[in-house]
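Presented below are the structures under discussion, each in the form of structure tokens.
After this come two complexes, each holding chain A, first together with chain B and then together with chain C.
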Partner chain A sequence: QVSAALKEGRVTPMELCQQCLSLIKSTKFLNAYITIAEETALKQAEASEERYKRGQPLGVLDGIPVAVKDNFNTAGIETTCASNMLRGYISPYNATVVQKLLDQGAVLLGKTNLDEFAMGSGSTDGVFGPVRNPWSYSKQYKEKSVPKSHSEDKESNWVITGGSSGGSAAAVSSFTCFAALGSDTGGSTRNPAAHCGVVGLKPTYGLISRHGLIPLVNSMDVPGILTRCVDDAAVVLGSLAGHDPKDSTTIQDNFKPFELPSLTDVSKLSIGIPKEYHAPGLSGEILALWSKAADLFRNAGAKVVEVSLPHTCYSIVCYHVLCTAEVASNMARFDGLEYGHRSDMNESTESMYAATRREGFNDVVRGRILSGNYFLLKQNYEKYFVKAQKVRRLIANDFVKVFQSGVDVLLTPTTLSDAAPYKEFIKEDNRTRSAQNDILTQAANMAGLPAINVPTALSERGLPLGLQFIGRSFQEQQLLTVAKWFEKQVQFPMIQLEEVKRHDHDVFQHEKSASF
Partner chain B sequence: MAARGCGGAWRRGWQRGRTLPGPAPGPFPRGQRVVACNARGGAVPAGKSGLAPWVPVVGLEIHAQISSNSKLFSGSQVQFAAPPNSLVSFFDASLPGTLPVLNRRCVEAAVMTGLALNCSINKKSLFDRKHYFYADLPAGYQITQQRVPIAVNGSLSYSLCIDNKMSQMVTKTVRIKQIQLEQDSGKSLHDDTRSQTLVDLNRAGVGLMEVVMEPDMCCGEEAAAAVRELQLILQTLGSSQAVMAEGQLRVDANVSVHHPGEPYGVRTEVKNINSIRFLAKAVDYEIQRQIEELENGGTILNETRAFDSKLGCTVPMRDKEGKQDYRFMPEPNLPPLILYDAKSLPANMNHQQVINIDWIHERLPDLPSVKREKLVEQYGILPEHSFALLNEDGLAEFYENVVKQTRMKPKRVIGWVLNDLLSYLKQHSLTVKESPVSSFLLADLLNLLEKKEISSTAAKQVLAELWKGEGKTPLEIVKEQKLQLLQDQKELEQICQAVIDRQENE
Partner chain C sequence: QKVSVEVLDHLEHLALVDFRDSEGVERLQNAIQFADQLHEVNTDAVEPMDSVLEDRCLYLREDDVTEGNCTKELLENAREKVEEYFVAPPGNIPLPKLEERDTFLQGS
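So, the complex of A and B:
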């Protein structure tokens, strides 16, 4: 919609950009952004405006304000990964996906907040503080929340965004941008998407270039796409996917961007419901919602079957071993020598390294490095790392078998419950929380499959609940088509935010979700 | 070939099967124990001392810098002695978010080398990360091939002279365990006065081929000969320029000793060897040191030692104490390296994207051993001569050019090239390219000799004059110095008579 508006001249890129920038300022309390690239964004908007005037926009994304998670390299703009280790680090190059967005004319508003080095499921453990879920301030949530006492104000009851791409999810959810990039290693795009009521797409591993994405787990990371509707996700996917010679793990085949058909007949579709995803701790609400969704498909004529992914229960442990091992390796480069934080300790190279790393990394990162190094020790390698690789193969094979049996798409919950209040969330440590929350999303990363969160309904507390679809490798078109159909059926309500209402512009007013 | 490579001065002090006649050069331990190598590295019974014989065992790990325009995983240039940190890409500096991209030329170089060393080329090989912290390793890990390297199970044949004479050569073989591709590290310079370390990353990420030679060698001479032959092969292939002085070829030696019939002894690793000559010295010193140590009731530590070229001995290296666990892990950013041959090549593949082993094999140049055979066959020279010709850069070509331009038999020419020309070059530390006497000039001179216009002695005189490089032709010099052979019988008689007359008058 907004793209059409730009084309028709009902709104200009400059106006759009300025609106978003001012909205960012008025929603500062969300702490969704680490860096706001105001100057460059305005310049980009200006250039876009020129192009529209000449009737030569670069594409659908020309002039569209976007935000990027702060673990993507952006030339000339600080890239911190929410860590002291990279505070003040100005990247000299753009990540491939960032470059692609810019080449399409998108306007980069800023870098969004995250858990330090993308380790976490709450976006609470970065050095710039936690991200607040915009829904905490929504009419829907406030109406449902029972104030415990008069003195308690809304400030203390806010809920988390989920993580680790919480900043990006919050940015999209609060209308400060139209699309955002996150990353997804164990669910880091889908989890916050579910909690913030936005679409979160994890593409197939190897479809989108990771060049410039500061890695967590190289064999599982993918750039994630967060938008307000499925069509938008398809558009962004189309502009990002494809082989990158700078990333040897991208597939060689040519990628053809697609437009999503509006599916009307689902009778040929087979939806799988994996029974193991009825995980411990799954809230009654979500269970009911999941069931309702299955019924929705069934009633529309689709074939809905229960399937089994028997190795699901091992995925968390397996993930833990492989993730920490890769983290230990990937973090080895942070020694303060070439870039980033360097400690003042200078008695010896080794003591400088040790001090730099102690000062630069938070406990979560250091914990994972230590675990990872333990698993990689010669005497442990076979027992843990190789074993985990084997289990990973089994998990991936579970999916292969299920898809081979005729199932097109799997339907599962995305999270165990709606967003927790921050005060509750921080009662458990990062590792515990991650282990609890990753269980529904993490297997898709192990198997490299595409998966998407679609906002479905509001919980009893007035917070978003989402459901997840998992598709076959490189079958994003099918996956997104099904997701789009589902989205249309459920008609997830728009967030009602005071701050947004004040921005009286037709771009921000619409019945359903905003779309390009 | 091998004898010269080993360094004449040192060899004089170390003779096979005999104890030293006088004080040993360098700090060799007293009472040289007898160690000798026979055809397969076995021990020879001890001499007068009557002690049990020792079998030395020497293996080598050789790192050869690949001759390529850009580095193994990044596009930055490869160049020796460039300004510090001027050839460093984002990836080389380990900037976060950068990824490795494999350099095709480096893979080809490794395949060529593997084929030349009779290896099986693994059609599928893998990359791994080897972790350790050091200032010249920006990523905190090196990308190497630990699990499945690109080539395995090869062999290298090399030759040695026996008994200090050039006349008897024996051929030996050393097994090549594997060849693996890996990254070179940067360079660090320790500045102790200012308590700082300076790091230059120009070399970080340059492609290396690590060639692992099994412990089939038994002394410094064999090690040196093997390395020399490998060097020639690499230079012939063009896969590495293999110049040790520029760090393009680095050798680490693994040395141990044991009694025959007993299991191998504890080995030490000797590093910091900067030339082939020093390699032989270092290995022999270490063998002796270990023997001394064990015979005095000591034990050998499994340690890394550095060769001190000034003192001619090995010393423990301080910063490599204790065993390192490198925490090997597969490199997740590089898919397995798949190579094809004519049979397995898929029909519709882009030629740019694949490497065909058979195609490379067909285009391998003649290896040194083949070249030597051809020289012997074509010119009737001795094998030792062919070694000497190939041992010096450009000498074989020089020789062949002389042969082409002269009527003198190649068998005679060889003496002039190897004895007169080469010794002169060596005396003045010149390369063949720098020779003031061109092949044309030498051929010209030899033609005069062949036509019997001058004597052999005269020819040597002319040659001495030619070295001055004054641009005179041999004929001109002959005329100047009146060196022509007199053919006229009568004239000769007159001169002889004159000499006799003079003598009678005194």
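So, the complex of A and C:
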């Protein structure tokens, strides 16, 4: 919609950019952004405006303000991964996906906040502080929350965004940008998308280049896309997907960007409901919502079947071992010598490395590195690492079997409940929280399958609840088509932010109607 | 079973990261306990999976130089450098042994 507005001249890229920048300033309390690239963004907007004046926009994304998670390299802009280890690190190059966005004329507003090195499920463990969910400040949440006493500071009741791409999700949800990049290793794009009421797409592993994405787990990482509607996600996907000679884990098949058809007939669809996703701790609300969604498909004529993915309960343990092992390897590059933080300790190379890493990493990162090294010790290699790799195959095979039996798309919850208040969330440590929250999203990363969170309804507390669709490998078109149909059916309400005054309603509004 | 101090020390050496306090050691113990659940799964005759793209050929490009000459940019991010070299402290000095180090593990 906004792209059409730009084309027709109803709004200019400079206006859009400036509005977004001023909105970012007025929503600073959300702590969604780590770095705001104001100067470069305005320059990009100016260039875009020139192109529109000449009638030669680069494409649909020309002039569209976007934000990028701070673990993607961006030339000339600080990239920190929310860690002291990379504070002050100015990337010398753009990640491929960032470059692709810029080549399409998108305006990069800034880098968003995350959990340190994308480890976590709350966006609470970065050195720049936690990200606040914009819905904490929405009319919908405030109406439903009962203050414990009149003197209670309403500020202290804010809820988390989920993680680890919380900053990106918050940025999209609070209208400061139209699309954002996140990364997804265990659910890091879909989890905050569900909590912030936005669409979060995890593409198939191998579809989008990881070149320039600071790696966590090389065999599971993918760049994630966060937008306000499924159509937008398809547009961004179209501009990012495809083989990259700089990333040999991208497949070589030709990728053709697609437009999503508006499905009217779902009778040929087969939706699978994996029973193991009725995980312990799943809130009654989400269970009811999941059930309602299944009924929605059934009543519309689709075939809805219960399926089984028996190894689901082991995916977290498996992830735990494989993730820590790969992290131990990937974090080894941070030694202070070529980039990033360097300790003043100068007695020997090893002691300098040790001191640098001691000073640069937080507890979560250090903990994972040590665990990973333990699992990779010669005496433990077979018992843990190889064993986890075998379990991974079992998990991936579960999915293969289910899709072979005729199921097109799986429907599952994305999170166990709505967003928790920050004060509650921090009562348990990072690993426990991750283990609890990743259970519904992790298996898709294990198997490399595409998955998307679609905001579905509001919870009793007035916070977003989302449902997840998991598709077949490289069948993003089918997955997104189903997601789009579902999105249309549920008509998720728009966030009503009181503290934010929007001048141009035409540009920022999407459909606004009754709830599901 | 608890992890022995020798192994903990070995890990600190391998990872070049320290446990810092008892919480760190406990975290590792918990992680191991958590991972032990893997042994409940029967994986007889199952091959380990390295990558989900194992059915495809890895892309190998031609061995041609396509980019480079960016010495200046790359050196910019390093703190200690001399001409075109990264400067490191002497490398032939091993980390002190457990007894001589100022590490939390000394106390355990």
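Note that the second predicted complex is superposed on the first by the 501 of 516 C-alpha atoms of A that agree within 3 Å, B and C clash if a C-alpha of one lies under 4 Å from a C-alpha of the other, contacts with A are read in each partner's own complex, and residues count from 1 in each chain.
Heads up, the rule we're going with is that a residue touches a chain if its C-beta (ideal position, glycine included) is under 8 Å from a C-beta of that chain, and two chains touch if they have at least 3 such contacts.
No experiment lies behind these values; they were computed from the predicted model shown.
Undergrad: For A:Gly212, select first, second, both or neither according to whether it touches chain B, chain C, the two together, or no partner.
TA: first
Undergrad: Check the residue A:Asp363 against both partner chains and state whether it touches chain B (first), chain C (second), both, or neither.
TA: Touch status of A:Asp363: second partner only.
Undergrad: Looking at A:Lys378 after the superposition, I want to know if it touches chain B, chain C, both of them or none. Which is it: first, second, both, neither?
TA: After superposing on A, A:Lys378 lies in contact with chain B but is clear of chain C.
Undergrad: Kindly classify A:Gly448 by the partners it touches after superposition: chain B alone (first), chain C alone (second), both, or neither?
TA: Touch status of A:Gly448: second partner only.
Undergrad: Which chain, chain B or chain C, ends up touching more residues of chain A in the combined arrangement?
TA: C
Undergrad: Is A:Ala328 touching the first partner chain B, the second partner chain C, both, or neither of them?
TA: So A:Ala328 meets both chain B and chain C here.
Undergrad: May I ask you to decide whether A:Arg461 touches chain B, chain C, both, or neither, giving the answer as first, second, both or neither?
TA: Neither partner.
Undergrad: Just to be sure I read the superposition right, which of the two partners does A:Ala388 touch: chain B = first, chain C = second, or both, or neither?
TA: second
Undergrad: Touching A:Thr249, do we find chain B (first), chain C (second), both, or neither?
TA: Both partners.
Undergrad: Touching A:Arg190 in the superposition: chain B (first), chain C (second), both, neither?
TA: In the superposition, A:Arg190 contacts neither chain B nor chain C.
Undergrad: Name the residues of chain A shared by its contacts with chain B and its contacts with chain C.
TA: In the superposed arrangement, which is not itself an observed complex, chain A uses residues 92, 219, 245, 248-249, 252, 328, 335, 337-339, 349-350, 353, 373, 377 for both chain B and chain C.
Undergrad: So in the complex, the part of chain A that touches chain C is made up of which residues?
TA: 89-90, 92, 205-206, 219, 243, 245, 248-252, 311, 314, 317-318, 320-321, 324, 328, 335-340, 342, 345-354, 357-358, 361, 363, 366-367, 369-371, 373-375, 377, 383-384, 386-394, 396, 429, 431, 435, 447-448, 473
Undergrad: Please name which positions on chain C make contact with chain A in the complex.
TA: 3, 7, 10-12, 14-20, 23-24, 27-28, 30-32, 34-35, 37-41, 43, 46-53, 56, 58-61, 70, 73-74, 76-80, 86, 88-95
Undergrad: Can you tell me which positions in chain A touch chain B when the two form their complex?
TA: 72-73, 79, 81, 86, 91-93, 95, 210-215, 217-219, 245-249, 252, 325-326, 328-329, 331-335, 337-339, 349-350, 353, 373, 376-378, 381, 385
Undergrad: Hey, which residues of chain B end up touching chain A in the complex?
TA: Interface residues on chain B, with respect to chain A: 90, 93-102, 129, 131, 133-135, 138-141, 197, 199, 201, 325, 327-329, 332-335, 353.
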